[in-house]
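For reference, chains read A, B, C and D in written order, and residue numbers begin at 1 within each chain.
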Amino acid sequence: MPIQPLPTGLPIIAPRAADSHKGTYGRALLVGGSVGMPGSISLSGQACLKGGAGLVTLAVPDAIINTVANFEPSYMTWALPTDRSGHIPLHAKSRLREKLEASSCLAVGPGLGQSQGLFHLVGHLYETFTGPMIIDADGLNLLSLRSAPLAGRAGPRVITPHLGEFRRLVGKPHLSMEDARDMASELAGRQKITVVLKGPKTLVTDGQRHWHNPTGNPGLATGGTGDVLTGLITALLAQSLDAYEAAVLAVFLHGLAADLAIETTTQAGLTATDLLSFVEAAWRDYESRRDHLST
Amino acid sequence: MPIQPLPTGLPIIAPRAADSHKGTYGRALLVGGSVGMPGSISLSGQACLKGGAGLVTLAVPDAIINTVANFEPSYMTWALPTDRSGHIPLHAKSRLREKLEASSCLAVGPGLGQSQGLFHLVGHLYETFTGPMIIDADGLNLLSLRSAPLAGRAGPRVITPHLGEFRRLVGKPHLSMEDARDMASELAGRQKITVVLKGPKTLVTDGQRHWHNPTGNPGLATGGTGDVLTGLITALLAQSLDAYEAAVLAVFLHGLAADLAIETTTQAGLTATDLLSFVEAAWRDYESRRDHLST
Amino acid sequence: MPIQPLPTGLPIIAPRAADSHKGTYGRALLVGGSVGMPGSISLSGQACLKGGAGLVTLAVPDAIINTVANFEPSYMTWALPTDRSGHIPLHAKSRLREKLEASSCLAVGPGLGQSQGLFHLVGHLYETFTGPMIIDADGLNLLSLRSAPLAGRAGPRVITPHLGEFRRLVGKPHLSMEDARDMASELAGRQKITVVLKGPKTLVTDGQRHWHNPTGNPGLATGGTGDVLTGLITALLAQSLDAYEAAVLAVFLHGLAADLAIETTTQAGLTATDLLSFVEAAWRDYESRRDHLST
Amino acid sequence: MPIQPLPTGLPIIAPRAADSHKGTYGRALLVGGSVGMPGSISLSGQACLKGGAGLVTLAVPDAIINTVANFEPSYMTWALPTDRSGHIPLHAKSRLREKLEASSCLAVGPGLGQSQGLFHLVGHLYETFTGPMIIDADGLNLLSLRSAPLAGRAGPRVITPHLGEFRRLVGKPHLSMEDARDMASELAGRQKITVVLKGPKTLVTDGQRHWHNPTGNPGLATGGTGDVLTGLITALLAQSLDAYEAAVLAVFLHGLAADLAIETTTQAGLTATDLLSFVEAAWRDYESRRDHLST
């Protein structure tokens, strides 16, 4: 079978240089988790490792830190306080500061939950972290509650809403997918951010550029696959792709992993944990098509 | 080798629609677990994911929540109180209410243990949850203690007794398997519920319809395989099959997974964890026979 | 390649009957573990499942119960008290009694550690449990401290010393392996117990019968492989083999698993966890040679 | 394809003797871990098992002992106190003494963190443990803070700095890799220790002998791979190789595992956990080339 060329518009990452080291591939910080929800942030962290980040640290409430750590020994964890409702409190800010300074990119959201403190914390991070940042899941729901949800960013931003989350973000509860796509592009251009509108043929846009993702299948309709995507985008931000390109390549690899997965498993049986184990097959497929291209 | 057609009477699920999402495949809630018994409810939860449910939440005593969470990052957990005997207390009712309202189906029983509080809690759920509900293991043993065990259901119900549990349920300690089968059919018809009488050639019946399951083998005679079945039934209820059809298809896939498993492993060596890893092979076999049928 | 016949003297287990269930394959209870040592008893428990026991329960100090539970969801755990030194105290006796009555066999030792309380507890179990019982590792070291180490057994007993443990047991610190073999046979005959003297060509003897095991390799010289053997013997006791036959077949399968493992891995790289994953290959090899025999 | 001979200068380990046992392959003690960092010491411990050590014990702060234990049942753990900052305090010395006496080699560093107490503890171990010892990661950073970092060793020592760590060790923040290589050789000769200078073509030197490692690739540029190397060196020290030879063979196998890994995975997707699973393939490749050599 002839090798399928990679689709036009997909970022091409160069092979790793022989003298590169962990630092070359960035230090990713992911903030999330709450009591009862240690899995989401771990899925993101595992995906961030598999996406190629050099060093991955998960900042989580101390009540779940051992549980989060236990999923995977290759990432590090960073204990934040836990409030009475099992969430990260606002005063975790000072404890986070130290880590943020040493981080090349930031993800906020997986398993975070919602609280008054988190509303302020997420807004604070959005407005002060100067590196690239991705906001997903409850992080995004909390942003939506702000009077001007996406205003005040201090650096490059990626948001990854599905249709329901996008509706909340723009305050239009009955928006169709088609109208949402138009609005996502307009919003991205106005705010100078990257929007990943998840769904069939996921759209990635920064207002100027548009990516209609050709990979993926309904096997992804299961809990945790969004967390895996967040981790992959974070990994590519850590490796210095710009926000739009990181989102495009991550969305492509994520869908490709799902497509490769259902060649041996099935749509119904696919879990987020299974998906993780196919990320490397997706990388491999991407690399062989890239290398074929260049010869 | 020619492809074996699927047996007559087996429900045929349509392929997933391209625009489907997590919500399409339901929100399953599973209640169980007790101190020392975190494994059963986790097996059910993992099977529920592998069975194709969109979102899976396990409501467990807070004393074991981290342990349960640690088995699998793709499901969520929901902390209930733990009483002094290590069980879920009756007053967990109010904490459960919030989750029940957002759940499309409910499973109660795996690893639950028994207590006075649980006796009342299981009865309460049986009599008030209006969606489809499956009751297994200690959930079923607790129902059996009620003066009219199966009376007062508020929605569709599936029970999954093995012979010993069925004897306790009907108060006949010496019932033969043959008589139990007759009585199961009669009971299902009278109570308008679905009874899964587990054993060789497991019977599924709602009084009108009867399924004599052709799959499965004695390798299933090991701890935890019943929990896997409970999870699969829950997954299919979440995907909107009616109670009888969900039970039939789950019983079929569960036995098929065991049959496929012993082609590479053995009856003696099969564990419930191994069985889980063959659920996707069972799905795959089912789908290829379904698709062959339709061509 | 022609199929190698099974060696003469190896017990032949019949295929599982179609109408068998969990209860048919016994209820195994394994007592062990201490703070810092949750792995050993878990390895035994996992091996007991893979050895074919119907239901497996691990009774461990409550300080490590969640850790033990987390290794494998298919077994159950039973919380015993933990004393200040991290061990099971003597007064765990009453809590154990309830489980012992429902157990078809008992293993004591993996990860147990040593204390005054355990010295008395192990002696008590040895002298009162009327079913078959296996004593290994620290359980055996504690028995060795009694004035008459093996006196007073209340049922069938299997002990599994390596040379060092056997020397302690008989109070002869310089015994050669050859002399130990002679003495093991004499001891087994006198005490009417089964002795498994571990080493190259492990000896199993009840004084009348002798098994010189042909399987196994030096890859087994790594921590935890003895725990796996204990679990396999327990599984076969649970399935109603007599003590000598259970020990012979378990020793054979254990060594065979190691032999099959190093066909794909290596002696240096083999871990106890790897070994576990080859138990089913050993069963499969045994069954195919058994079935070939019978045709 | 013809079998590649092993490179000249690589230590050749003899096949395991038939009558060897766990004790033959040594008792390794690894000291590390801190709150939030349980993964590193576990990766080292798992690598130490896969490297062939007979018995592996991880001495860690009691606050994380269950988490560390849960990664792998085949090693043992040993609880040290935890100070308020989540680290091992200086007074852990007395608790360690007992284990040190029974250990054939020692590793210090993975996930250790830094504190005043640890500064003194690491120096104390360096100056008093008479067996072979490897110091890595924070262990090395703490040594660097001493006025004479490498003075006063009580036995054979291996250090494993990457360029940044080596710069701190010698107090030259702008040293080039080339100059570092020269200085590493000079330092090793003067201190009579073995230095592993990690990077492309990792250098191993004891001042007299020099190994320029031919294996490895930039897929190793991900968190945790250094911990795996530490575990492999420890395993070979436990098996009585001298410090230089242990380091050479471990560095070779570690790089080879990475090279074999990326034949099925990719550089970007490789994690430290993946690397671990290829250690046995590296052993296998080494052994087949060794055995081919000898015929």
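In this text, a residue touches a chain if its C-beta (ideal position, glycine included) is under 8 Å from a C-beta of that chain, and two chains touch if they have at least 3 such contacts.
No experiment lies behind these values; they were computed from the predicted model shown.
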Set of chains whose contacts include both chain D and chain A: none
Chain copies touching (chain C, chain D) - same or different residues, decided at half shared: different
Mean-CA-position distance for chain D and chain B (Å): 48
Between chain C and chain B, distance of the C-alpha-averaged centres to the nearest whole Å: 34
Shared interface positions of chain C, touching two or more other chains: 66, 70
Touch-based graph of the chains, sorted into line, ring, star, complete or other: ring
Interchain contacts, given as pairs of chains that touch: A-B, A-D, B-C, C-D
Chain A residues within the chain B interface of the complex: 35-40, 42-43, 46, 64, 66-67, 70-71, 86, 162-163, 177, 199-200, 217-219, 221-224, 265-274
For the chain D and chain C complex, residues of the former touching the latter: 13, 15-22, 24-25, 49-56, 65-66, 69-70, 72-79, 279-280, 283-284, 287
